[in-house]
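Below you'll find the structure I mean.
As written, the chains take the letters A, B and C, and residue 1 is the first residue of each chain.
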Amino acid sequence: MPILEGEKVTKYFGGLAAVSKVDFNVDQGEVVGLIGPNGAGKTTLFNLISGAFVPKPGVIRFKGENITGSKPHQICRLGLSRTFQEVKIFANMPVMQNVLLGSLFGTPTGMASANAAKEAAELLDFVGLSAVGKTPAGGLTLANQKRVEVARALATKAELLLLDELMAGLNPTETAEAMELVTRIRGRGVTIFMIEHVMKAIMGVCDRIMVLHHGEKIADGTPKEIATSKTVIEVYLGE
Amino acid sequence: MPESIVTILDIAIGGLLLGGIYALIAMGLSLQYGVARVLNIAHGEFIMIGAFSTFTLYTVLGINPLVCLAIVGPIIFIIGFLLHQTLFTRLRIAAPNPGAYEASSLLAAFGLLFVIQNLALLGWGADFRAYSYLNFGVNIWGAIFSANKLVILGFAVGIGVAFYLFLIRTRLGKAIRSAAQDPQTASLMGVNINRVLSICFGFGALMAGIAGVLISMRVPLNPAMGLQYTLIAIIVIVLGGLGSIPGSFIGGFILGIIGEVVTHFEPSLSLAAYYFIFMLLLLVRPKGIFGK
Amino acid sequence: MDITRFKSKGFFIPGLISLVLLILLATLPLSLGGYTVVLVTTILMYAILTVSWVLFSGPSGYMSLASAAFFGVGIYIGALLLPNTGQVLPLLVVVVLGGLASSIVALGVGALTLRLRGIYFAIFTFGLVVLILEVLNWWEHTVSHIRGRFVMVVDNETIFYVMLAIFVATMLTFFFLRRSKFGLALQSIGQNEEAAAHSGVNVTMVKVLTFALSAFFVGAAGVVWATRLTYIDPYIAFNFFLSFLPVLMAIFGGIGQIYGPVVGAAIFAYLQETLQTEFPEVYMLTFGIVLVVVILYLPNGIVGLIPKLWRRISGGQHANT
């Protein structure tokens, strides 16, 4: 059963279609990858799903509910949360408060402070940042700042998590750790939709992969199908 | 000629005149804010200095106000250049991010406003001053205009166009434009960014000073006269799209004409009308009419 | 854990000091009287303006220059409802009404403009002051033909106590808001608005409500100030200088600590009261110079200077604190 569905999702900037009539779906419990060359519209699609932009035209449904035109905070509270390609953390706030914000504001019903704090502490532990809970988030390494984002997103009791290039800019060790983190997030029963450039990572963790090119969806299939697809190879080699 | 047509002509020429001055002032602020990232709330104080210097040079030494353009302009340029080299460059380097620099430079400029204005109050006193120059009528198609009005318009347009050509044609002009587009790349391309920004700030002050010289021929002077021009300049540069020099030039004329129309019906409401338009514009088109 | 920390430690001693200070302030008219009461009222007024400004602009990062507009709305409500011809409503009721009127203006402006980023918001809010001033001026000139209004005379002690009450309310609000869930949301908006929105914070609501809340205290103070001025006109009520003063005082005092803005306000109000009447130009000139110097050399304000000095005196032992 799809947790997320998009129909003819389109977004124009000026006269240019950044995302053009994209149909997509993500099933409950799946890990779906989204790849494509730079400028293919991947992040724009995430911005449309998370409510930063409104598709025009097009419809997006989450858990069967039409969320087209909903505000980002409303979508977040429904259980759809995200991280950002360029890390967006609250740099001067302690790591703990970064995560706490998610559990205080992003959950469907809102949480009492004590429960929210407990939840945040548990998530810090989950992403392996318990030791630096009191450090200002801006002082962490990039890999750890990305983990703060993940913890904050999970703290909203997300059922679907959009990960926008979790592994970009990380060294090989950190990348392997991030892959392991993705697997563990999945283990919590969270559905994952992720943009990734690191091919090894995306082939390794995803059940299914979608390919965008010039704002259009050109392929959708298992990692094996994608890896052998002629169109996809042309797009990447034709660059 | 029927009276209504004379009135319309009157408003049109008046609007162009006002617009010429506004365009000059706005181009100056556009250089300071659009390029050098200083929202110089003391911009109008340079106008005031230009106006009062001319007043003093003319009434005490008998120097022709048009000659004053050549005296006052360079001096104000140097003041602006040095101010930027000392004060604003320091703030720019100390600021952790561009937003912080905008805030700190705005407040520093506000401090300058108080320093300059009160020095002027101490030096020239709070009374309104005026002098008379080229104050005779010229008949254009039946409407009478004072000669100084036309001279001001001619100079404002001439200087504006000359400066625009300077930006487009010369090497320094290109450096300024590339700094406006992307300071980091510009500095990589070998542009001495601090010097270029200081020159921009200096040119901004220069434009204000020249506008002040021109204004002094028509408007009674007072040390507190600057702020209203600053506000108008801010409106114009937002109207024209931040950082767009031609935008502020055209925007200045648009606002001038609007101002003259409003003044014709309700003189005390012109500044309110400007602000009303400005606020409406910010809400509808936050990037300005000519903004991308 | 930050939220609970405030409830256990670090709450008692500042509370006690504040209480002692409050009692000292409250008995001031009995002990000193006369000019001191007037001076302290002025200081309180500036402190209210400054703390209200910090309340919103400090954490959110939106530089509001609307203080003069909110203050002016309060002054006008005061003048309209407390005319010298006989008051319409009790003083305290008018104080609340003045606060509410300013809040309503802030709600409207906030809903319209808080999507403007950075300097645009500052320019817009400043434009609000000019717009109201010009329209009001035009209205009084050509429509109502009332130039200037006289306000009911209230004795200095009453003015002082009402101002003190507003000040205490402002400080308490500031104190508890900072430590609340709402305050955390506002802070997150200042750090990264997009991330806050995507983490479930209703950013528009948080911004607009805080903006309106901060306007309340400024408007309330305006009502009291009207009775102190006794005569007002649009230029007196909507003095754009008062839009910049709170910013300056806050930066001068230091935004980091709760007492920073109050210290800044106290120093400035004192200087103004003592210098402005005799040497207005010198006062304003000094004001400008101090502003430039503070921005250049004291980015953390006077209060930020104290730990620095302390570090130097104690030989660098506290270098990491």
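In the analysis below, contacts are C-beta pairs under 8 Å (C-beta built on N, C-alpha and C of every residue); 3 or more make two chains touch, one makes a residue touch a chain.
Model, not experiment: these values are computed from the prediction.
Peer 1: With chain centres set to the mean of the C-alpha atoms, which chain is at the far end from chain A?
Peer 2: B
Peer 1: Of all the chains, which has the CA centre nearest the overall CA centre?
Peer 2: C
Peer 1: CA centre of chain B versus CA centre of chain C: separation in Å?
Peer 2: Centre-to-centre distance between chain B and chain C: 32 Å.
Peer 1: In whole angstrom, how far does the Cα centroid of chain A sit from the Cα centroid of chain B?
Peer 2: 48
Peer 1: How many angstrom between the C-alpha centroids of chain C and chain A?
Peer 2: Centre separation, chain A to chain C: 42 Å.
Peer 1: Please name which positions on chain C make contact with chain A in the complex.
Peer 2: It comes out as residues 1-4, 181, 184-185, 187-188, 191-192, 194-203.
Peer 1: Give the list of chain C residues in touch with chain B in this complex.
Peer 2: Against chain B, chain C makes touches at 61, 63, 112-113, 116, 118-120, 122-124, 127-128, 130-131, 134-135, 137-138, 141-142, 244, 247-248, 251, 281-282, 284-285, 287-292, 295-296, 299.
Peer 1: Can you tell me which positions in chain A touch chain C when the two form their complex?
Peer 2: Its residues touching chain C are 50-52, 71-73, 76-77, 81-82, 84, 88-94, 96-97, 100-102, 104-107, 113-114, 117, 121, 149, 152-153, 156.
Peer 1: Given the complex with chain C, which residues does chain B contribute to the contact?
Peer 2: Per the touch definition, chain B meets chain C at residues 39, 87, 90-91, 94, 99, 102-104, 106-108, 110-119, 121-122, 231, 234, 238, 266, 268-269, 271-272, 275-276, 278-279, 282-283, 286.
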